[in-house]
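Heads up, there are several structures right after this.
In what follows, chain A forms one complex with chain B and a second complex with chain C.
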Partner chain A sequence: MRALAPGPARPLVQLAVVFLLVVAPLLLGDFRLFLLTEILIFGLFAASLDLLVGYTGLLSLGHAAYLGVGSYATALIAIHLTDNVFAGLAAGVASSCIVAAATGWLAVRTRGVYFLMLTLAFAQLLFTLAITWDSLTHGANGLPTPKPTLGPGDSGGALDGGTAFYYYALVAFLFGLGLLRAVVASPFGRALVGIRENESRMRSLGYATSRYKLAAFCLAGAVAGFAGSLTVQQSSFMSPSGVSFEVSALALIAVIIGGRATLVGAVLGSAFVFVIRDELSSAFNEHWRLVLGLVFIGVVYLLPRGISGLSARVGGLLTRRTERAAGEPA
Partner chain B sequence: MIEPLLDIHGLRAGYRRSVVLQRVDLAVQEGQVVALLGRNGVGKTTLVHAIMGLVQPSAGSIRFGGQELSGRTPDQISRGGIALVPQGRRIFSRLSVEENLRLAHRSRDGRHDLDSVYELLPRLYERRRHRGRQLSGGEQQMLAIGRALLANARLVLFDEPSEGLAPKAVDQIAGLIAGLREHGLSALLVEQNLHVALSLADAVTVMTKGEIVYRATADVFRADPETARAFLGVG
Partner chain C sequence: MTTPAVGAALPGFLNENLVSILNGLAVGMLLFTMAVGLSLIFGLMDVLNLAHGAIFLLGGYVAYQVIVKEGQSWLVGVAVAVAFGAVAGLALGGILRPIRHRGHLDQALLTFGLAFVLADLATIFWGSDFQSIPSPVFLQRSVEVLGQFYPAYRLAVMGVGFALAVVVYLVVERTQVGAVLRAAVEDRAMVSALGINVGRVMLAVLALGTALAAFGGVIGAPILSLSPGVDAEVLILALIVIVIGGLGSIPGAFVGAIVIGQVQSLGIALVPQAAPFALFGAMVIVLAVRPEGLFGSR
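For the complex of A and B:
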């Protein structure tokens, strides 16, 4: 259902996927493992956007702003204060939540194309700040950051190396996605779906919809900031390209290709986008975006519910066929 | 004298420069069902929207339970004790029946909860896992009414509850509202179906061109077919 259910995956499938993610370092080489880590982090970022786009009906074109704020906060804390991994995460989440609260307060008072343009404008403002505030961000040159550490006894080695960081990112991903799933399954999540379906009706039912939308905006911003922290901890570098319009657009494309209002779809869509980028960029150079654009158009026309909608449909067909076969006399 | 539950005085409201309600005076007493009759386009739904805060009045007052409603937002008015069963049902078509009801169940104080609504409307219990769009018109109207009951409101505004329904469904909905009336329902009933309106109302108010032009008890109105013919073109 494109409404309240967190996704089509059943518990057994979910367990199988988690098992595969746990054993992935045994099956993949360094490059693929790095790519999978990137997909998990970006997938979490896209899932946070899905909370806005899919569940609340708020189409944002500037979600990278909160990813970027989280990344810069984590980078700056690591450079100037402490390289502790949890301090970095806390700084990323808190700063992006505060910025989301400030910008969301204005944005949720608009709707439709105005909301879209306002979120885009905020993101472009932060992008410009990231480029021009040279003393803080080092402009386009970016900020190299120290490796994150786990505690006083660690000098940066515990999370160094692909496998250790992968497991750290996997735990963070599962935590973030679990949090989002709990939110959309709660009465608050049901209210967000009601707002998406008919906001004026929800107001007539007694919901102060602006507050709900602002809370969703802050939560989505905080999770995006969490993903931003992970991004900078993985790459040990932050530059304005992490706040660019392209990042916002790729996340939106991932949500739509994967299937809106499923959360898992956003992760599937991110995997799709990253695989296309990495597999095709060697053959097509910068033209991989063209291929992605064509795929995007195809999905919009052929799979209106995205990849997750297709997998749900195939799953339903298989279940019905199995049930029919079981019901037939021997 | 006891102040009416809903007391509207000199209400003027509309959309942008178009004034729909000229000067409306209307009252609903506690435990009373008032039918608001009138032809299409005379401003009945605008009046309902003005009470709910969906249209802002430019003059006059709307008092509910002794409190002024003008300037309040729809969510404040709803939480204050007024529920709307809107024209065309307006249920959440992509959500299940149960999800629709749970969204409306905000106030835990009051006589209605999910179980009592299912008891009152067993058809909704049977269809609780179906999405709103899979329901018949009558079932959708039951759902809209169930949602209003779950708000545990002091006043329910029904906007054309029989509109677009098959005769059998109209009877079911009328029976349901009649049952609620027996339990002390206070309501403003906007209705085109004169037979339904008169079977449910204690008092009748007729509106033409944004003004209330007639008010009487339902019994007096029933005994005066000339009025119905003059104002409504029926009778």
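For the complex of A and C:
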């Protein structure tokens, strides 16, 4: 948020945004509300990737693996055990956290290209597994899943319908983003930034950097799994395309376009990606990937801090002007 | 030519899996054309070219256009595609130049964006159906290998890939140009101080690497078929190859390509369920035992 609105305006902007999100169902039609729900969920997923890419400096090309593990766990629990919404969330978070710990254990030992490679390989492996493990995942046909229910008294109606599910997703989103923000503001989060800037110095200062990176990797994986649960609860369907390389790629694009190491930027970037893909794709003759790729290249060139960096720059100019105006003698 | 009697005398395993092993060698040689360029570019410039797979695919499409659509000969198709690849490499050098001073993260991101754009451009021009180039007429037959019949074209791919590996190795290890290149990998500033234009060396390596990738796309087209998604597939395999072989090492890229080719072909034939794990497992084991790769020096 720091980058979004500098100075004393920050809490006001935050309040205004939350207010707009709360009243959104009154302003938007069904289709747009569904899209906004998707954006919030994917935005949370992208924000979890930002913890790795933006804050810790670990370029992961396979973050969809943890989203997908969370989705599949939630889907399987809902099909075979209980459609309780909290059981689904718990299964998603726990399973993705475990898988992230197992794969991260190896990944954080490597750096740069090797890290990128390993994360990519893990994700491809899970993608292949999702396609070939037919008895569990129904392969490419996918798993239709029952609608989540709130508790024993609910027979599936409480979270049905766009508005009810939207508010559920909004609460989950605010919770997840709040958690990530608390983490990056903590001494732990500062240490991650230190690792990004100069890992060997952090190590000589006595930080067990591998352990910090593993913790960041697990946390990012768990939040991604949380978002994965929400994804499958919204769509009531899971298939291997939810673990595909494109999902990882879109999340990375969202983080970079929105602005690294801001968390909120990842959400803005996700909104950008989804609007280009779902709202404007007919205008681009279905070639939204081309448009997105060109925007991405432009951002890497010209706006290393992404959209939110741009708004910070504009905001900075504005505040400087008001300060100057205020400082001038009457 | 061997007689069927010799084939029957072969050990049972080889006899049963000969075709898979040969297919694996052909795939391995295709991967080598990708991996050697990726590896050299990374070794020299610290740039992981994530657009390498897209250039492989586009090279194949360009040759498809020339050979199938325009009806030109194979030789013309290969020449145009290789020229395209080299130009793409020079363009990539120009595109990367303004952000050379930033970390390798940003450069990898830029090539990642390029890969996205190039892949979509390919579907604009050539659609998303499978396209294939028929192999040259004189290779459209089967040859008897150890008592079994095998497509001559795939044997030719193996031969060309092997010859390419030898040539690249000799150029880098035994010529003056290669000496400059190796020196630039070791210590860029020192080579620059000796009066050699390192920027030009980098451009040359970029052009060579992408030309090789485009060439791989052409000779791979009759085997793999060209379609969206092939770019990411070969890129991932080539990345695994260079991680196993060691970044920047040509013999490493060669051995890694052979290993991954066999895992992809023989592995799938023997244990279809476990092949993806074998692919991944091979990399994990190498990284755990020798993090710098089999032939890596760092």
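Rule of thumb we're sticking to: the second predicted complex is superposed on the first by the 315 of 330 C-alpha atoms of A that agree within 3 Å, B and C clash if a C-alpha of one lies under 4 Å from a C-alpha of the other, contacts with A are read in each partner's own complex, and residues count from 1 in each chain.
Here, contacts are C-beta pairs under 8 Å (C-beta built on N, C-alpha and C of every residue); 3 or more make two chains touch, one makes a residue touch a chain.
Note that this is a predicted model, so its numbers are computed, not measured.
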- What is the contact status of A:287 with respect to chain B (first) and chain C (second): first, second, both, or neither? second
- Looking at the overlay, does A:10 come into contact with chain B only (first), chain C only (second), both, or neither? neither
- Query: Which partner does A:198 contact after superposing on A: first (chain B), second (chain C), both, neither?
  - Reply: first
- Query: Is A:313 touching the first partner chain B, the second partner chain C, both, or neither of them?
  - Reply: neither
- Query: Hey, is it chain B or chain C that touches more of chain A?
  - Reply: C
- State whether A:249 touches chain B only (first), chain C only (second), both chains, or neither. second
- For A:190, select first, second, both or neither according to whether it touches chain B, chain C, the two together, or no partner. first
- Task: Return first, second, both or neither, reflecting whether A:209 touches chain B, chain C, both chains, or no partner chain.
- Result: first
- On chain A, positions contacted by chain B and by chain C: none
- Message: List the residues on chain B that touch chain A in their complex, please.
- Response: 52, 54, 73-76, 78-79, 84, 86, 90, 92-96, 99, 102-104, 106-107, 131, 147, 151
- Message: Touching residues of chain A toward chain C in the complex: what are they?
- Response: 57, 59, 61, 106, 109-110, 112-114, 116-118, 120-122, 124-125, 128-129, 132, 245, 249, 252-253, 256, 287, 289-290, 292-294, 296-297, 300-301, 304
- Complex contact set, residues of chain C against chain A: 42, 48, 98-99, 102, 104-106, 108-110, 112-114, 116-117, 119-121, 123-124, 232, 236, 239-240, 243, 247, 273, 276-277, 279-280, 283-284, 287-288, 291
- Note on the structure: The answer for chain A against chain B in the complex is residues 1-4, 187, 190-191, 193-194, 197-198, 200-209
